[in-house]
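Below you'll find the structure, written out as structure tokens, and then a few comments.
Letters A, B and C mark the chains as written, and numbering starts fresh at 1 in each.
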Amino acid sequence: MAEIAESVVGAGATPDDRRARSERGFVTGIVSAALIWLAMQLGLNLLFELAGPTGAWVAFLLPWACLAFAVLSLAGMYSTRSGPVVVGSNRLRRNAYGWWLLAAFLLLMAILGESAEPIFDPLGKFGGIIVEFCSDHGLFWGVAAALVGAALVIAGTDTLQANRPGLVERVLVLNLTAKIAAIPMAVVAVAVFLGGTIWTVVYSFTNSKLLPRAQFVGLDQYERLWSTNRWIVSIENLMIYGICSLILSFIIGFTLAALMDQKIRFENTFRTIILYPFALSFIVTGLVWQWILNPDFGVQSIIRGLGWESFTFDPLNNADIVIFGILIAGLWQGTGLVMVLMLAGLRGIDQEIWKAARVDGIPAWKTYLFIVIPMMRPVFITTLVIIASGIVRLYDLVVAQTSGGPGISSEVPAKYVYDYMFQGQNLGQGFAASTMMLLAVAIVVIPWAYLEFGSKNRG
Amino acid sequence: MANPAVMSQTAAGFDAVSRQLEGPQGPKPRKRFSRANIFIYGTLIVVAFYYALPLYVMIVTSLKGMPEIRLGNIFSPPVEITFEPWVKAWSQACTGLNCDGLSRGFWNSVQITVPSVIISILIASVNGYALANWRFKGADTFFTILIFGAFIPYQVMLYPIVIILREIGLYGTLWGLVIVHTIFGMPILTLLFRNYFTSLPEELFKAARVDGARFWGIYFQIMLPMSLPIFVVAMIIQVTGIWNDFLFGVVYTKPDTYPMTVQLNNIVNSVQGVKEYNVNMAATILTGLVPLTIYFVSGKLFVRGIAAGAVKG
Amino acid sequence: MTANSVEIKNLDLSFGAVEVLKNLNLEIPEGEFLVLLGASGCGKSTLLNCIAGLLEVTGGQIWIKDRNVTWEEPSHRGIGMVFQSYALYPQMSVKGNLSFGLKNAKVPKVEIEERVARAAEILQIQPLLDRKPAALSGGQRQRVAIGRALVRDVDVFLFDEPLSNLDAKLRADLRVEIKRLHHKLKNTMIYVTHDQIEAMTLADRIAIMRAGKIQQLGSPDEIYNRPKTKYVAEFIGSPSMNFLNGDLTAEGFAMDGETVPMQGYKFANGAAPGPAWMGIRPEHVATGDQAQAMPYNADVTVELFEPMGADTLVWTTVAGQPFHFNLDGQHKVASGDQMKIGFDTSRSSLFDKSSEARL
């Protein structure tokens, strides 16, 4: 055993180095076992299974191999321990007991399997989930937890704690409460945001219909997507809506903010009126504007009633301009936000600038255009990212105002995704379409994140 | 690549900057009736009218009878005020076969919003506190993923969550939707709380540690009592956001448990029967009433909330 | 041999690649008032935070009362800390602030009352006990902050620039009060400041820090009179020390063609001839008849003068190099005046040009 451990941690180095190295090996082993396990649950195993039964075996063994590596590192830790391993007086025994208790529970449940079901009856469905999880994965996680407990006992032999705690202790013991408290965040970040996104991307290459099915068809879904007229219309609409909405909300928002910044009276009243639509949902917004743009009762009929009989303004029933009807409602709802952000940006600018500009005799509009706007670059960029990521999600407004009509002329990608996923029973199309949306957002967000934060990191 | 510390500064900047909204600033003082002043106030008044118009139309339409709507125009005030559309919208309007009005959606929304707001704020405030004061290795990685999660289109995560909810048996229930709202509220709220707790003097935290307080002791006895305003801001963000949500409601609930927005859309856009515009508008106002009330009551805090919560989009 | 109250052994601290403290060693005997003095960024507050356990050290050990506390919780180290911003819990009354630590330590209620009352008496804050921190003046807040450490009956008091948020007059008053407190309690106190007056007046010993290392550790007198490095010499004393550029030879200190004999100067071990600085404190310069009697004297022209009330700072040139000295405040001078000045070379300090160490 000691020789094997020796070969893992390397001979010749000082005991401290070797100890640190084996602790690092242990943590790496456990963490990679967990990550690979998670990846397998998310569909990595499917890729292995493509290679036939051998692949399936590799997929099964890979997490176990990581655990085996952890065991070797554990042996390394044992051979470089700083004192006798006595559990009863160990500094970290309480933590170790906790892990062993968890391990015992998981292993017991794994052995009992489905026969443990009655014990968990009072927990309802959650009990069933626990039983099911343990009978599938209890052995793996039980072994992992037992190993962690053992590692803690070895790390805790240094009863006097004269030296800096090793990696195992730093990861598993220090700040334990904070780490436990952060578990919901970690689970959501990794399992839902990261895992869910990867899962959807992986399954966009399958021919899933009513239920997700792991039958890979390459880029078929994407080919079908881009040859579907409705998707093309959706993309066109989103482009038109997005570009117009970006430009107009910036112009209107900035102009309003500049007007509000002129030391006016009743600033709060004006802001309250201009911003209130933002408090309303897109559904409410869409329905109100559907009513106002109603050709029989709304704007068109009123202007005709004033004597201009031939006046036509019926965007919601005209396939060519329907997206502008939605744009009107979207701008009404969203410009207040842009105005507030811009106003905050204007107020953040050093007031000395205005004095300097006045002393130099520069007219106000020139000061805005050539001095103030360039200074507001960060506000502009953040506003841009916020508006852009909102535009990609455009959905409720269309549903409420036009339901995608007339025909398919006001469809948008988010609606395409929903309809194929939950109405059309064509999951694969929905996954492919949503992956395209993700790609679009990535194209906006990643360069922004890189520009804003990447360069500062390096500097 | 992206450092959450720097990334969050942008949002923190908004938060700080939105506090500057008080008090007039701007280029130069002007005389009362200068031409420029007439232009500024004129423009603002016209714009304000434009923005206020839809609310006005909603209200007047909802107070008219159908015959008056068919004859008159949408902007004219009601000749004969009737509250019947409101009653009908609340208790009789039909969605499909059910004809018990919006009240069911309202109570569903209440049952969704209240626990969602409480749970999401509790979790996010603890997360934010752990990130701000108990920095440990790896926390920033999770946080970065979380913040990127705020930008990922929800559509990408819709189906995986369906599977998760189905696995734990909560698909289609109110509690399922509560979990979804808690998950999707987490990025922005965690960011909000993290920035707030970071802005508190670090020496207070140190003093409490010297005084022997631990993680929860410091959270409950030192941090919480100092954080009332940010909790109110978080509540505003969450109540309006969750109340106004449509997508999650329509994906994760069933007709029985539809929140108000979904039910409203079904009532107004149902193709059956004669369109009752006055009832539709009454229903629309009813749905918008909760966020509007919060908006008008909270004033500046709402502005702070959206500036900080703007990332949610 | 008395036990050391605080012992710091080979302490290292780095944030990533930045080394903040480098192999630092320090022994503080029981009851000593030690001041950590240095410019901002020298690591003095960092060191204090390490002792308090608020920062995780990268290497080395910290012992308090013969106990290795390097990895103990801050509250288990027997330390109390007073912060620059007072760090009073704003939502608690003064009493609540004082008793918070005791409650966390599960001290019985009766005893908490007793200890709070005693601390309040010592610090004379009894009338303030029910007030909130916001209703206190700066000086009162600082007293409550000290009281918070006092009630916990700690072995070591740590002060992190406790007076720098106060105005000059209050600062002087509280300085005296802290000194009185130390006389009364006889606890070990470690006090971080960048203010040399605080350091000189309060300290039993001063540790002058620079770039994460202790440059000199000694009594205020030693530090003032026999600075170990040019940095320490520059840092201590106001107005700051004059430095004359020259060479140390067998005959004395040679500059600008003349040689100043170094009679009576206590050379450090291993002092060797070579390029050197000679440092003379402005207040050690004599004028007129007294100057005549000094080992070195010269005739100078007044270039500039700054009247400061009690004395006048005169700027001039000695051996072609800028030089300034103090003159009795009643002495009338004018630019262009001729004066005779002189100084005692045995009170000067010689530093090696390259190593900047005392010769």
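Criterion: contacts are C-beta pairs under 8 Å (C-beta built on N, C-alpha and C of every residue); 3 or more make two chains touch, one makes a residue touch a chain.
As the structure is a prediction and not an experimental result, all values here were calculated from the model.
J.: Would you identify the chain whose Cα-based centre sits farthest away from the centre of chain B?
T.: So the farthest one, by centre of C-alpha atoms, is C.
J.: Which one chain sits nearest the middle, judging by mean Cα positions?
T.: A
J.: Using mean CA coordinates as chain centres, what's the gap between chain B and chain C in Å?
T.: Going by mean C-alpha positions, chain B sits 55 Å from chain C.
J.: Taking each chain's centre as its mean C-alpha position, how far apart are chain A and chain B in Å?
T.: Computed from C-alpha means, the inter-chain centre distance equals 19 Å.
J.: In angstrom, rounded to a whole number, how far apart do the mean CA points of chain A and chain C lie?
T.: 52
J.: Within their complex, state which residues of chain C touch chain B.
T.: Those residues of chain C that touch chain B are 49, 52-54, 73-76, 79-81, 83-85, 87-91, 100-101, 104-105, 148, 152.
J.: Quick check: in the complex, which residue numbers of chain A touch chain C?
T.: Residue positions touching the partner: 160-162, 164-165.
J.: Show me the residue ranges of chain B that touch chain C in the complex, using the header's touch definition.
T.: 201, 203-204, 206-213, 217, 221-222, 225-226
J.: Please give the residue numbers of chain A that touch chain B in the complex, ascending.
T.: 124-126, 128-129, 170-171, 174-175, 177-179, 181-182, 184-186, 188-190, 192-197, 199-201, 203, 212, 256, 259-264, 267-284, 287-292, 294, 297-298, 301-302, 305, 332, 336-337, 340-341, 343-348, 351, 354, 357-358, 364, 367, 378, 382, 385-387, 389-390, 392-393, 395-396, 399-400, 403, 413-414, 417-418, 421-422, 427, 430-431, 433-435, 437-438, 441, 445, 449-450, 452-454, 456-457
J.: What residues of chain B sit close enough to touch chain A in their complex?
T.: Residue list for chain B touching chain A: 1-3, 6-7, 10-11, 13-14, 17-18, 20-21, 24-30, 40-41, 43-44, 47-48, 50-55, 57-58, 61, 69-70, 73-75, 123, 126-127, 129-131, 134, 136-137, 139, 142-143, 145-146, 148-149, 151-161, 163-164, 167-169, 183, 186, 190, 214-216, 240, 243-247, 250-251, 261, 264-265, 268-269, 277, 280-281, 284, 287-288, 291-292, 294-296, 299, 302-303, 306-307, 310-311, 313.
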